[in-house]
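Shared between the two complexes below is chain A, which has chain B as its partner in the first and chain C in the second.
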Partner chain A sequence: MSQILDVSGLTFRHSGKKRWLKKPEIFALGPIDMQVMKGETIAIIGQNRSGKSLLAKMLAGAVEPDAGTISLLERKYWSVKHRTARKRADITGIRMIFQHSSESMNPGISVGQILDEPLRLNSSLSEAERKDLIADTLVKVGLLREHFYFYRHMLSDGQQQRVSLARAILPDPKVLIADEPFAALDPTIRSQTVNLILRLQKEMGLAFVFISHNLGIVRHIADRVIVMDNGQIIESGKTETIFRWPQHEMTKKLVLSYQSLIPQQTLR
Partner chain B sequence: MPLLDIKNLTLEIDTGTQSIKALDKINLTVNSGEIRALVGESGSGKSLIVQAIAGATPPNWTITADRMSWSGNNLLSMSEQQRRQILRKDIGVVFQNALASLDPSVTLGEQLEESLPDQLVEGNWFWQRKQNRRKVVVSTVHKVGIKDHEHYLRAYPHQIPTDIGQKLMLAMALISQPKMLIADDPTRGMETTTKVQVLKLLSRLNQTRSLGILFVSHDLLAIASMSDTMTVLYCGQTVESGKMKNIRKRPLHPYTKALLDSAPSFTKDLPPKSELPTLAGTIPTLQHLPIGCRLGPRCPRAQRDCVNVPAVRKIHDHSYSCHFPLHRDKS
Partner chain C sequence: MSRFSLYDDEAHPSPWQQTWQAFKSSHIALVGLALLMLFVFFAFFAPLVTPYDPNSQNTEALLIPPSWAANGSITHLFGTDALGRDLFSRIMYGCRVTFGTSLLVVIIAMLIGVTIGTIAGMLSGVRSSVMNHLLDALMAIPTLLIAIIIVGILGSGLVNSMWAITLALIPQFIHHTRSFVRSEMKKDYIQSSTLDGANYLQVFYYSILPNMIEMLVVQGALALSVAILDISALGFLNLGAQAPLPELGAILAAGLDAGYLAPWNIALPGITIFLMVLSITIVGDGLRSALRKRVNR
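This part shows the complex of A and B:
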């Protein structure tokens, strides 16, 4: 397996405004180092306010880090000195799925236009080619070609999730980042989405980095787990290792509370 | 004697052009000291049941039921006044989407103090009553697991994170010391440690105060760890209901099986990264409900008979409604 994404020394500092007699709120993330291999699935777990979403947003480029470098396929993708590198390398290398897929879609334009936008802005394909590609992608994520002309409100939750997945994989990315992709979904739809992502990953060799509170799914699909607390990576390793022999206090707490939910009968 | 007893509850929504049967002959009982789980996906009518029990229904809904009683008293023939009194005294309701159900213009502390009934406050003089009221509020807030009460009781709903809001909603329901708690998805979107905290609190109250709980959720992991009995809903129809233990060991309805399979933590020998078994298709919307058994179009075992609504069948405490239940082909 070859290394696809290399993050080193990624840092972000947030400080609230200082007021009279009020201490400024300080939140520092990082420095974060992580490597992602081709076709690998990495789960980020941790408590609320531990900086998971922020890390995901920084990787996807929605938030600018204060220091550090991100390199994709050995090429510098982002660093403080090469702020424009991301623009030159298109935005097609790393793509993101947001938590509430319905809210991340424009209600005023059709699914076709939603999907067309990233292609129109980042590729030199002609209109006919773009339309073919969109139709193919819609079929790939388990929708119909006719959904091109649908609007957001005409689709169910699961279908919306599929559209946002389609939007993410359209420009053939190397890394897919997802912030709680399964949280808002119903159980049977969630299994469908998990299956879909597993299949796409196999077909396209995508690396998949996702955040989840659902440790059952994390254990099922992740190769490696990163545990975050208070803006730092406190533990990372193979999924089974983390779940069986958690080292850090925080990890132990998370894993134990998950184990306590599983009924004892399954252990027999 | 059951606390809450509902038989053949049907809820119709009049949309002007047609009337939709959103709930179709639902049966549900909650005994005192029992934790009953109500499971179903979105659009299955879980929240509608909660609203029907709480009486928070818009004018274009028609509720009919053979029986809907609260410890022997018929809820449907009751006057608005009496019903409200029962709700105030005996039933605590945690609504879905906590932050939206709190009053945005009043601080959380004031809201909590308001929902504390007068008879639960000790003291004869107003200053004593004021102090005691505050004391009860603070102790309840601590009980649901909010440590920094100074800060959160002074805050407005838009200033607090969602999980604190959910806990506060729970505190508001519990502060009047009800006999039954109806909790509509109280752990949605919570991270595991907080979820376990809330679940532990609920099961402790269930044991110490013999509080009956109707736990509405689709989080099977949470449900399995605490509830005694379970009722599964699909698209407004009761699909299966019975003891949690029996259902987990041997589901009879294909939908229940699919639901249990969708939680990878339940199946022990599942190789990592394998395909999860699931039902094809999506949940139908209320406007386009299939006739007969509403699972029909998605069911892998559907046959011609499924266009008729299956009757409820019973094996001991375990009731299900399916023409072709799963135990048939094993024997």
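This part shows the complex of A and C:
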């Protein structure tokens, strides 16, 4: 396996500037070092407010880090703040699926137009080619080609999640980052989505980094687990190692709370 | 790539067709639309359909009552005014002047207001604030008063009153657009567009504008009725359109001189203004609920 994503010394400091009638917030993320191999699945777990979502946004380039670099295939990956640098670079290497909410899909335009955007901006395909590619991708994520003309309000939550997935994989990325992709889905749709992502990962050789509170899924699909607390990586390693021999207090708590649901298993 | 699909033949209505489907379901809105279309028709084709020249005076036919009155005549459908001009032709031309100029005023105000508002919404900090409050001083005074002040400085006339009303309408558009763009820019789908490399213009055109149409329709309809009322008010006060120009407010003011003798000279232009504003409000409301249905149902 070859390394495709290398993160070193990634740091984010909440702006410590004191504002009028407002105390400065104290939250710092990092420094974070992590490597992602080709085709690997990495889960980020941790409590709320441990900086997971922020880390995901920084990896995707939505938030500018205060220090540290992200390199994708040995080349620096720029955040949205660096418009001119991004124009020359390949910005479709890392794609993000946002946390599912009513705001993750534009209600005013059809699914086809939503999916057309990344291609229109980042490829030289003609309109007909783009439409064909979009139709193929819709089928790939388990929707129908007719969904091209649908609007957000006509789709269920699971279908909306599939559209977000389609949008993420359209420009053929190397790394897919997802912020709680399974949170809003019921168990059957969740399993379908998990299987879908696993299949796509196998087909496209994607590396998949995801945040989840569902340790069952984490244990099922992740190759490696990163445990975060208060903006720091407190433990990371192979999934089975983390689940069987957790070292850190916080990890032990998380794993215990998960395993107390499965009576036949005990911590060794 | 060849494909065989039976389902591709199914018709997928475009956004405008869907809006029309939703709009059609409201009968009141359809009546309003028919009325509005009539005014639009007058505005465009008045010279072709008017029976008389609106300014030609006929001393043989002074103050003839409208055709439905006992001593009226069918040759002058709405009767004539004190100078013997055909009121029906004058009202048709009045629709052209009042409705046409109002539409122009609103379109200009909307273009300027939405541009400044969008820039203000996308910028942040002091620059955004400066853009946002650029024309706020105008909001301290009622629109009609601003119009009177501007007309007082520049002199009376239809074009001057148009400038005045345009200026008075812009701040509302700025504020509404700015707050809308502000709230929209925070949403996740805008963030994913920017992650795709969309610049401000592309984000605005492809992501924000499709959602903003509902707000624009509501504000545009409101502004259009305000503009019609203001233009006819200024015409009535003899500050806007000047004497021979057939403008509804000016026609109404001219009718006032012979008010007791010929009440139809006041009533008919008044009813026209009323119907114009009413139809715009109804159509604006219907269009808004149709657009909302399209996106939410």
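Remarks
FYI, the second predicted complex is superposed on the first by the 241 of 268 C-alpha atoms of A that agree within 3 Å, B and C clash if a C-alpha of one lies under 4 Å from a C-alpha of the other, contacts with A are read in each partner's own complex, and residues count from 1 in each chain.
We take it that a contact is a pair of C-beta atoms (placed from the backbone, for glycine too) under 8 Å apart; a residue touches a chain by one contact, two chains touch by 3 or more.
This structure is a prediction, so every number in the text was calculated from the model and none was measured.
Taken together through their common chain A, the two structures put chain B and chain C side by side without a clash. Once chain A of one complex is fitted onto chain A of the other, the partner contacts of A:R167 are limited to chain C, with no touch recorded for chain B. Legend: residue contacts after superposition of the two complexes on their common chain; A:Q47 is shown touching chain B, with no touch to chain C. In the superposition on chain A, A:L215 makes contact with chain B only, while chain C stays out of contact range.
In the superposed model, A:M37 lies in contact with neither chain B nor chain C.
After overlaying the two complexes on the shared chain, residue contacts for A:T239 are found with chain B alone; chain C is out of touch.
In the superposition on chain A, A:I109 makes contact with chain C only, not with chain B. When both complexes are overlaid on chain A, the residue A:A62 reaches chain C alone and has no touch with chain B. After the superposition on chain A, the angle chain B-chain A-chain C between C-alpha centres rounds to 80°, nearest 10. Look at A:Y149: by the touch rule set out above, it reaches chain C but stays clear of chain B. The overlay of the two complexes leaves chain B and chain C separated by a minimum Cα distance of 12 Å. Residues of chain A that lie in the contact sets of both chain B and chain C are absent, per the superposition on chain A. For chain C in complex with chain A, the residues that touch the partner chain are 1, 5, 7-8, 10, 12, 15, 187-189, 191-199, 202, 206-207, 210-211, 213, 294-297. Residues of chain B touching chain A in their complex: 41-42, 161, 163, 189-196, 199, 218, 220-222, 224-225, 248-249, 258-259, 261-266, 268, 270, 272-273, 275-280, 282-283, 285.
Of all residues in chain A, only 60-62, 80, 83, 86-87, 91-92, 96, 98-99, 101, 103-110, 113-114, 117-118, 121-122, 132, 144-146, 148-149, 151-153, 167 touch chain C in the complex they form. By the touch rule above, chain A contacts chain B in their complex via residues 41, 47-48, 156-159, 183, 186-192, 194-195, 198-199, 213, 215-217, 219-221, 239, 253-254, 257-258, 260-263, 265-266.
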